[in-house]
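Here come two complexes built around subunit A, the first alongside subunit B, the second alongside subunit C.
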Partner chain A sequence: MSPSRLLSILLILPALVVLLALFVYPLGFSVVSAFTDRSGAATLENFHTAFTTYRSDLIFTPAIVGLSSLLIAVLAIAIGGYLTLGENRAAVRILGAVYRWPLFIPFIVAAQCMRTFLGRNGMMNNSLMALGVLDPAQAQSFLDWRGIVITFVWKQAPFVTLMVAGAMASLDRSTIDAARNLGASRLRTLLEIVVPQVRDTLYVGLILSFVVMMSVLSVPAMIASDSPTMITRDMAWRIEQLGDYHTANALGFVSYLMTGLVAWFYLRATMRERAGR
Partner chain B sequence: MSASLHIDRVEVAYGGVKVLKGVSLDVAPGEFVALLGSSGCGKTTLLRSISGFVPVSGGAIRVDGSDVTAVPPERRDMAMVFQSYALWPHMTAAQNIGYGLKLRRMARADIARRVDEILAMLKLDGLGERMVGQLSGGQRQRVALGRALAVNPRILLLDEPLSNLDARIREDVRHEIKALQKSLGITAIHVTHDREEAMVMADRIVILDAGTIAQQGPPEEIYNHPASPFVAAFLGAANAIRLVAKAEQGATHIEAGPFNGPARVRGAAALSGPVIAHFRSEAAELVEAAYVHDDDLVLRGTVRQVSYPGGFWRYAVAVGDRQFMVDDDRRREPGAAVGIRLPPDAIHLYPDRAS
Partner chain C sequence: MKRREFLMSTAAAGATLATAGTARAQQRRTITVMTAGDQNMVDYITDYLGPLFERQNPGVSVRAVGTGPGDAGSQRIWERLEAQRRANAQTVDVDVAVIHQRMAGTMVQQNMLARYRPEVQTSNLVTNEVARNSLGVNVDGFVMPMFMSQIAMAYNPQTVPNPPRTMDELVTWAAAHPRRFGHNGIRGGMSGVGFVFAWMYAYAPNPQQLINGPYDANVIASWGPALQRFKEFNRNVTITPGNAGTLDALNRGEIDMGPVWMDMFYTWVAEGRLPPTMRLSMIQTGLPGQPMYYVIPERAANAELARKFIELATSPQVQAVGIVQRFNWLPGIDAQHVQSHLDRAVWERLFRDVPPDQLASMGRPMPQADFFQAIQQAYERNVMN
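On to the complex of A and B.
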């Protein structure tokens, strides 16, 4: 083996060791643990427990995250679209500066903010009551699935917007002008000309967001700890209260399949598009 | 179908900088006008203010008499062909061409018929279902033109549409666009920095300089009678020499100088005092250094460089500390003492304001 070859292997070795030790090994360990019982024998019992005990949460989780992704997409397109097509320069500048703020706030802080904002006696209801819009008798807490969705959207929309707005800004501006020139309104230009051209970026942003939201524990734990809740909350419960790593790993394996499925759809779509070009 | 366009003292400023300083221009229905100028002269800004993409800070733009100055671009019923073509990469050629019709709520079958018509007219038959990324530069250019023509616009705006094409294709497309424009009778405004392109395509050329119109007229008129040293230089009479003149009996007499003999220039208004003479390299001729003629201006100099661009020789001739380009049929060697013979109609004379 030549010295330069040896050197290059040495250079990638630390990264490889970290990857194997901190990602591949624990992942493999979790998968194995999901399919074995306490004695180490192969079993599907953990999945049986997961699907019978947490059936509603296994439906609830992708539904919550899917709904959040959808709302995030709408917001990202709306904000990115205004930043690209907006004609009031001051408004564009202010929106461009403000929309990123939630990016710098950790989930746990975001969840805490939402608790004080969305609760029955939270800031939102108090403000609405002070404005006379809301009757105090009808005030209700949003600290359930709605709270989770609101927190996810608030926290993740800026991230997707950042990607989408960047892609929109780097479009050939004349493709936008050409549509306006032929008579397209700004909304049609956004939906028919701008969005199709940044679709790939939007998908990547949404998938990354989907994966992040699937793995967040603090938001469901702090905002909606009652059933139905998210898989992460159930995993934490299995481990903390019952020391049951096997069922927790089975739940983890299922959520891994969910994110894998989303990624697979995306990959298949891009492959098909590349083949078509 | 085609409309008249009236541009009335239009001003445009970017930040504090005035890019258009009160430009007025009338375009008749069916006329092909070229806006010609070097980069930064304001020609693209003028086109974009006509299309509505650049807000004007003063003046008015009228189409068929109705004021469109404050009308947003999507409601001006003009169609623009962009320098980058600006085709939508997520659509096929046919979808690109049909999009303007879809916006006009035309029935799907009618759109398909019209798109086929346009594809046939532009010799793009069979390419309608291709994505635009699969088309060649020339084909994309045609699709861009087809997209603009499909909607039967009142005014066609062309923003340097040929500058991304190969030289050979460009020559063909020039004639095709002009022929189409004439047969459809559309009013067209064409922006270009290419003098020959403007000359070949336009009925009228408008030369812009620093946000104002320097001169406008039919191609042969502005070519033969440039109104200012700027226009003369821009239209190819880039050779310039300072001389001293005297007006006598309605003619301009050029006084003999260190490098030139006396000469008499008729035709244009008689000038006196310091003048600047512009001439084209192809309008001049090389003669023997001793050549003398009453009417011709002869500049005496030395051949510095010879090249052969094809069909004739091109010489760089040093006259004093200046150097001029002259085209001639005969081969001469560098270092030869020669005279540059300029017949009266080859010289464009202007008062020399600098001295």
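On to the complex of A and C.
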């Protein structure tokens, strides 16, 4: 073995050890734990418990995250589209500066803000009541699955927008100008010329957001602890209150499958991107 | 030369001081009180009980360590003692521990606690069942209750002139006033969990077995109708985000009634966070309460001082001033021993809505430890799902 080869192995060794010790080993451990009982014997009982006890949450989690992703896509296209095609210089500049702010706010802070904003006597309802739009008796709290969706969209839309707007900015402007010259409206130009060209970037942004949202505990814990809520909350409860790591890991394994599925789409998209180059 | 002499004399003086310091440290003894529970438990030891004990016992200092709220806090104390036991330590570094009921049973079964109660002079001031039975485990002699906390129904008398006295009346009331009753379910703190237990005491086929055991997994199947009814009941109620959330919703007028911890209720009223017009009531089939226990670990390094500490902590004077007056808890020893040490006003504030006879007849223990978990899991499976 040549000295430079040895050196390169030595250089990657720390990273490899960290990866194995802190990621691969715990991952394998939790998968094994999901399929064993307290005495260590193989069993599917944990999955039975997970599916019977948390059936509604297992359905709601991908539904909540999926709906959030959809809304994020719409917002990202709208904001990115206006930044690219907007004609009011000042509005474009202000929007461009403002839309990134939520990126710098941690999930738990966002959740806390939403609690004071969306509660029954929160800022939103109070403002609507002050405007006379809402009757106080009909005011309702949004601190349930709707609150989770609102927080996720608010927090993750800027991230996807950042990627999408970047891709839109680097497009060949001549395609946009050609469409506009031929009389296409701005909306039509956005949907038929711009979006198809940034579609892969949009997908990648959404997939990364999906995986991040799947793993957030603070938002469901603070906004909607009761059912329907997200799998992460159920896992935390299982461990904190019942000391039951096996069912928690079974729930975790189901989350892996969900994120694994979208990760597969991500890999396919990046492969296609590379092949296209 | 002078400078050198000066340096040497300083060094000598320093050495003398250091020796004197060590001697003093040897005279001074420290007992460690490790407590589970919220921050107010640590405050109680550091601000009130610790200084009092130090004044009465010169040369002793009290070190309070909090391990966090809920059963998880008691679990940490167990982990510490278990680690020292596995290491075959001659003495353990926890002298007094304050733990929840479930862990008290476990620790007694695992021979981790000293049978100290007969040696404490205040032992005969407690006749309550909880001093002997902790969630179905016989803990007689191993524990002294620090205080009792009790769940009661808080309500707004302006909107609820006649509060429901039975669970049936509550169900009818909630149906007539949708979303005006609030509880925090099983994920947001013990006042909600306790309400779920109260529901089972009212509607499960054999409530006595849930409290006294023996545990029998076959009983779980018989809970179906009770839980189904709960699910329908929950359609008419507001689920609040926690113990504090229920009180908060009551204060904001979002709900008119809900289960709360009595001590939290009184503290909130005293702090002006809840209008003094709010009242408490009980449910005839019973609402649960729980003590926290003083225990002394087996092989505690300062067992004798620990017994002295607990003796002080369970004396009528301290129970009156510290537990009742300052922290709004119900006394751990029998109430009649405490009464003479309290102002009439304080006594009446504590028992105005729920007098001692109601507490005795409608206060229930939490369920037996295995049923405790089984009910929570059945609620998740059948009511939340």
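A few notes on this one:
Just so it is clear, the second predicted complex is superposed on the first by the 264 of 277 C-alpha atoms of A that agree within 3 Å, B and C clash if a C-alpha of one lies under 4 Å from a C-alpha of the other, contacts with A are read in each partner's own complex, and residues count from 1 in each chain.
Heads up, the rule we're going with is that a contact is a pair of C-beta atoms (placed from the backbone, for glycine too) under 8 Å apart; a residue touches a chain by one contact, two chains touch by 3 or more.
All figures in this text were calculated on a predicted structure; none of them were measured in a lab.
The superposition on subunit A brings subunit B alongside subunit C with room for both. Of the two partner chains placed by the overlay, neither subunit B nor subunit C lies in contact with A:R268.
Of the two partner chains placed by superposition, only subunit C is touched by A:Y54; subunit B is not.
Of the two partner chains placed by superposition, only subunit B is touched by A:Q197; subunit C is not. Applying the stated contact rule after C-alpha superposition, one finds that A:R120 touches subunit C and leaves subunit B untouched.
Within the superposed three-chain model, A:G183 lies in touch with subunit B and out of touch with subunit C [touch as defined at top].
Of the two partner chains, subunit B is the only one that A:T175 touches; subunit C does not reach it. Closest C-alpha contact of subunit B with subunit C, superposed model: 46 Å. In the superposition on the C-alpha atoms of chain A, no part of subunit A is touched by subunit B in one complex and by subunit C in the other. The touching residues of subunit B, when paired with subunit A in their complex, are 51, 53, 72-80, 82-84, 86-90, 99-100, 103-104, 131, 133-134, 147-148, 151. Those residues of subunit C lying in contact with subunit A across their complex are 71-72, 75, 185, 187-188, 239, 241, 249, 252, 254, 373, 376-377, 380-381, 384-385.
For subunit A in complex with subunit C, the residues that touch the partner chain are 52-57, 120-121, 143, 222, 225-227, 233, 237, 240-243. Those residues of subunit A that touch subunit B in the complex are listed here as 172, 174-175, 177-185, 188, 192-193, 196-197, 199, 276-277.
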